[in-house]
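Two complexes come next, and they have one chain in common, chain A, joined by chain B in the first and chain C in the second.
Take a look at the complex of A and B:
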C-alpha cells in the first residue's frame, strides 16, 4: 500500500511540475513603474553560471553588477531631461554553464521578463548563442567574460565588449619578458576551449615576431585533472617560461601540480585562475605565478591618468569601488567583479549621454563612448566587420608575491609605469 | 479499419509532437517556442536512441557522438561551402549514418558492458579528434556569420524556421521508431534484445540487424545536430560531444519506457519540461539540479519500467493504443 502511495505521490509531483512548466506566467511578473509618470524601472536581464565550470568567475561578475545596481538606485536613479527617473532591477537565471538553454532563457528574458538591456553570459561560447537572440530582438548586450574575438566578427550590431579581446591578452606579458629575458624558451600550454585558444592564436605570432623561441605548444582538455604528462613534456622541451592556462578549475590545478613536480620554470603566466582571490589558497604553489589582468586595485586607473590622456573620467575611484564591494560581499574585488560593475556603469553612462532609454539612442551613445574609469579606457570598434570589439582597454600583468609580512599578495609588475613591485624572475625553486 | 489497426499506436506520439509544434503559435510567446524546441530536440534524440536501447537492448553511453559529428559536418558545409540549410541537414544525417555503419561493424560485436564502454570511448575519441581537426576550427569550432541568416529572412525568421524543421525531425524520428517497432525487422531486434544467441538460432542475422538499427538510430541525431548548431550560431567540441547529454538521453528513454514508441517521447517531454520549469522557477531556480536529481531518483526507484511500461502492465486496455 505504501509503495502504491509513493508511486502516486511521485506521479502527482511530476505531473504538477510538467503542468506548471507549461503554464503561462510561471515566472514572477516583471517589475513595472510604481505609478509615477516620471519613474521608469529598467530591467537588466542576464544568465549567470551559478553551477558548472564557470561558476567562480561568473558569481564575482554578478556581485559587481549587483553592487552597481544597488548604488545607482540608492542614489535616486538616473535623471533624464524630460523628468523621467530611471531605476534598475535585474532578472536572472542559471545557465549551468551550458549552451543548450541559453537561447531559451534569453528569449524568456526579452519577451516575458521584458528586459530592456542585456548582460552577456560568462564565456564566449554562451555569448555567441545569446547574441543571436539579442540581435533578432534589437536588444543591446554588454559583454563581460566573453573575450574571444570571433563573436564580434559575425556582423552583429548589438554586442559591446568590455574586456580586452582574447587575441591581445598575453601581449603585455611578452613585452615584459622581452625586457627580462629575451632568450627565454617559451612553452605554450593551454586549455582547449574557445577563449584560451583565441588567446594563443594572438600570442604565438607575437612571440615569434619578438624573437622568442616557442619550444612547445600543447592543448589540454577542459576537465583535465592530471597534468603529469603535460608537465613531463614541458620539462623535456627545455622551456624556461610557461604561458597558457584556461579558466579557474584547470588553472589552479595546473599551478599546484607544476609546483609539486618541481618543473623548474623561471616564469609562469596562466589565464584567469591567478586573478582570483581564492588562488593563494594554493600556498607556496601560488608564489611567482602571474596572470594578465583586466584590472588590479593596486594599479587602478585615476582621474589624473585620464586627464593626461585627454579622456573624460567617469564613475568612482578604484578604492571607492573596492570598499563598497568589500562591504557588500566581504571579499576583495577581482577583475571579474570590476567587470560586472563596469557593465552597469557603461550602461549608465550611455543612458545619460543618450538622455533616453530608447535602444537606438543608447546604442548610438555606446558607439560614441570614449571614456576612462577606474577600470581603464572604454571605447568600442564601430566597423561593421568587428562591431563592438573593445579597443580602448589595456591589460596589466600581475604576479603573486610575498609582502613584508610574508603574506601572498598580487602585485602589478607590468607596465612599468603602474607597477607596484619588480617582477619575481626567476621564480624561487621549491 | 485496417489502417486504424495498423497505425493506432502512432496517434498518441504524433499528437504530442503536433501539440508541441502548435503550442508557441497558440500562446504567441517566443519563449514557449524555445522551450518547445528543446523538448522536440530531446524527443528526436531519445526516440532515435530507443531504437538501439529499447528495441535491440544495447546500452549506448555515447550516442551523442552522432549529434555532434553530424552537426559539425552540416555546419561546415553550410558555413564553409555555402550549402543551403536543407542540404546541410541531410548531409549531417547521412554522415552520422555512415559513421554509425562503420563503427557498428566494429563495436557491435561487443555485448553488454563492453559495448557500453566502447561507446563512451568513441564519443571521447571523436571529441579529441575534432579538437585537433583544423578544417572544423579545432578547439574554437565554427562560428556562423549573421549573413548566413539573411538567406532565411534574418535571424528572427531563421529561428522560427528552425523550430518547424525541428518539429518535422521529431516526427521523422518517431515515424522511424514506429515503423521499426511494428516491422519484421523490429521483431528481429526485439528477439536480439531478449536473447541474441537464441535469435541467431531462429535465423535472424544479428550482426546485420544490429548494424542497421545503429545506423537508423544515428541519422536523425545527425540532422538535429546541424539544426541546433545553425540555430545557436556556433559549434565547438565541448558543446558537440557532451557526455552528460548521452546520460540524460538514457534517463529520458528509461523514464518514459524503453522499447515503446511513446515512452521516449513522454520521457523527453517530462524531463525537459521539468528542467525548463525548475531553471526558471523563482522558488526552485537556485536548487534546480538537486530537485531534478531527487525527482528522477524517486521515479527510477518506483517506476523502473518507465511511465508507459507501468501503464501497459496495469491497464491492459491501453496496450492497444500505447505502442
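Take a look at the complex of A and C:
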C-alpha cells in the first residue's frame, strides 16, 4: 500500500514539474543578446459587445481597431530611439452590452491580463462603467463610441475622448435647419440613456438660442419597440422636424414606424442608427432620414485641409483606410469603424511622440496631441474640469438619399463646404 | 383636448397590439394551468417565431402570413419535443426543478440563436398598408394580427371545449390522478398541452415580427408581459389571457397620452404587484 502511495506521489510530483515547465508565460523570454532590437509587446485591453443591444456598432469599432493593429504589426511595429520595437496584441472579452460585466472584465484586463493600455467599450453607458475601473488603476483609456460629456468632467486624468462630445452632436444639424427652415417646429424624442440625454442637454438650449420652437420633448426606454404612442404625440404636437433617437435597435425601429404611420415630418434626424450600413435594410423607411456623423468617407479629411489649418497630418488617407477595411471585413466603413481605427492610431502617435511606452510619458504626449487625420482633428482638453474631452473634432450631417441608380446612399449634406448633395427637405411623403 | 385626441389616436393601436400580447400570454398560461409549470423558454420560442417569419418573407420571398400555419405546426412539434426532453422527468418534482429545466432550454435556445443569428436586429420589411380614421392610423399588419389572434383563440376554445383531446386536457388540468383513473393517457396529454402553449408563443412571435425589428433576445420582453397578462387574465385561464392582453394593450395606449412613455413599464409592473397582493390568482382567476 505504502509502495503504491509513494509511486503515486512521485508520479504527481513529476507531472507537476513537467506541467510547470510547459506552462505558457511561466518562463520569461531571454533578452536578445545579438545586438538587434528588443521587441516589446504592448497589450491593448478592451471589451466588445459581441452580443446584446450594442452589438452592431461595437463590432464595427473592434473591426477598425483590429485593422490598425494588423497594419502596425505588419509594418514592423513602432521603433523607439533606444532600439525597442513596440508591437501590439489585443486582449478582449465579450461584455454582452452589460455594465456590470464591463466592470468585472476591465478589472480582469488590468489585474490579470496586465493590459498596458485600454480602449473603451462601445457606448457612453458602458464606457462610464469601464472608466471608473481605468481611473482607479491609473490606466490610460482612449474612448471611442462614448460621446457623453460627464465622464470627462469628474476629475478623471486617464480618459481621452475620440468622439465629438454628445452636447455638440446635433448643433451642426441645427445650423443647417436654420438655413433650410428657420420657422421649423421641433420635437425632441430621445432614448433615456447617458449618451442621448447628454445630446439633448446640449441641443435644447442651442435650438432655443437659434429661435426654434421646441414643441415636444420626450424620452423613451432603451428597450422600446412600440413607438406608436410617441409618434401620435409628435403628430399631435404639430412638429415639423424630429431630432432625437438613441442607438441602433431603437433608432431603426423608430424610423420604420415613422414611415409606416406617415408622420408627415419634413425632416428627421436620429442618432447613431442611420450612420450604420445596415440602415437601408429598412427600405423606403430609410429615405430622407439623417444623422450626425463623426466621419464619412465621401467627406473625408485630407492633408491639404490639415496644411490649410496649420496642423500636422498623421496616418493614412480616408480612401486607404476604407480600402483596407473593405479588404478585411468585406464591408464599407462607418464612423464607428473609423473611430475604432483612430483609437489605435492615436495611441501609436502618442507612443512615437513619447518615444516610450511608459504610461506617464504617453499620457503627457496625448495631452500635447494636436493632429489632423482622415477622421479630422484630434485635440484633448487639458483643463482639470474637463480633462480628456475632445475639442479638436467636428461632425458632419449625413442623409439617406437615392442616387441616380435608385440605390439608397448616405450623402453628406452639411457643412456646405464638404457636402456631397443638397439636403432632401422636406422628406417625400410615403 | 390634446390629451383626448392622443387617446383617440393611441387607444385603438394599443388594443390591436393587446390581441397579440394576449396570444403570447395564452401559451404561457395554458402550460401553467394544465401542469403547473412556468415555461421560462417562452421568450426564446416567441423569438424563434419571429425568425420563422423572417425566413418565410426574406429568404423564401413569400407573404409572411402564409407562414403562420406551418410555424404553428412546427411550434407544436417543438413544444412536444421540449416536454419529452426537459419537462417530463421533472413534472412531479418541486416547482424549482421544472423552473430550472425550462430555464435551461431558454439558455440553450438563446445560446444557439446568438451563435447562429447574432443579436443584431432583423427586420421584416413588410407593409400591409394602413387605415386612416381621423387622427387614428390603424396599421394593416396589426389588424391582420388581431384577426389571426381571434382565429387562434376561437380555435383553442373549440379544441378545449368541443373535442375529445381538448376535454382530456381540461380533465388532466383539473385532476391528473382522476383523469388517469378514467383511462386518459396523461403523459401524452401533457406533452400535447406543452406543444399547444409553445405553438401559441411561436405564432405570436410570427405576428410580432411584422410590427417591429427583433433579435434572438427580443422574446424576453413579451415573456415578461405574458406574466403580467397571466395575472390580469387569471393564472391558468387561457381565454382570460386574451382579455388580460387587451387590458395591457389599452394601458399602453392610454398611459402615454398623459405621461412620458417611459412610465409605461413602471405602471404595468406596479399593477402586476398590486393585483398579486389583492388577488393572488389574478383578476379573472378563481378565488381559492
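Going forward, the second predicted complex is superposed on the first by the 393 of 430 C-alpha atoms of A that agree within 3 Å, B and C clash if a C-alpha of one lies under 4 Å from a C-alpha of the other, contacts with A are read in each partner's own complex, and residues count from 1 in each chain.
Here is the rule we use: contacts are C-beta pairs under 8 Å (C-beta built on N, C-alpha and C of every residue); 3 or more make two chains touch, one makes a residue touch a chain.
Note that the structure is a prediction, hence the values are computed from the model and not measured.
Shared-chain residue A:260: touches chain C; no touch with chain B. Touch criterion met: A:192 reaches chain B and chain C at once. When the two structures are aligned on the shared chain, A:314 is found in touch with neither chain B nor chain C. Contacts of A:107 after superposition on the shared chain: chain B is touched, whereas chain C is not. By the document's definition of touching, of the two partners only chain C reaches A:233; chain B does not.
When the two structures are aligned on the shared chain, A:154 is found in touch with chain B, with no touch to chain C. Using the contact criterion defined above for the overlaid structures, shared-chain residue A:252 touches chain C, although it does not reach chain B. The partner of chain A that touches more of its residues, comparing chain B with chain C, is B. In the superposition on chain A, the residues of chain A contacting both chain B and chain C are 51, 192, 219, 221.
Interface of chain A with chain B (complex): residues 3, 6-7, 10, 13-14, 17-18, 20-22, 24, 26-28, 50-51, 93-94, 96, 98-101, 103-105, 107-108, 110-112, 125, 128-129, 131-133, 135-137, 148, 150-151, 153-156, 192-194, 196-198, 201, 219, 221-222. Residue ranges on chain C touching chain A, taken from their complex, read 2, 5-6, 9-10, 13-14, 17, 114, 118-121, 123, 125, 127, 130, 135, 137, 139, 211-213, 215, 217-218, 221, 252-253, 255-257, 260-262, 264-265.
Residue ranges of chain A in contact with chain C, taken from their complex: 51-53, 55-56, 192, 218-221, 223-226, 228-230, 232-233, 235-236, 248-249, 252-253, 256, 260-262, 278, 281-283, 285. Remark: chain B residues 23, 27, 29-35, 37-38, 128, 131, 138-141, 143-147, 149, 154-156, 159, 231-234, 236-239, 242, 245, 269-270, 273-282, 285-286, 288-289, 295, 298-299, 302-303 touch chain A in the complex.
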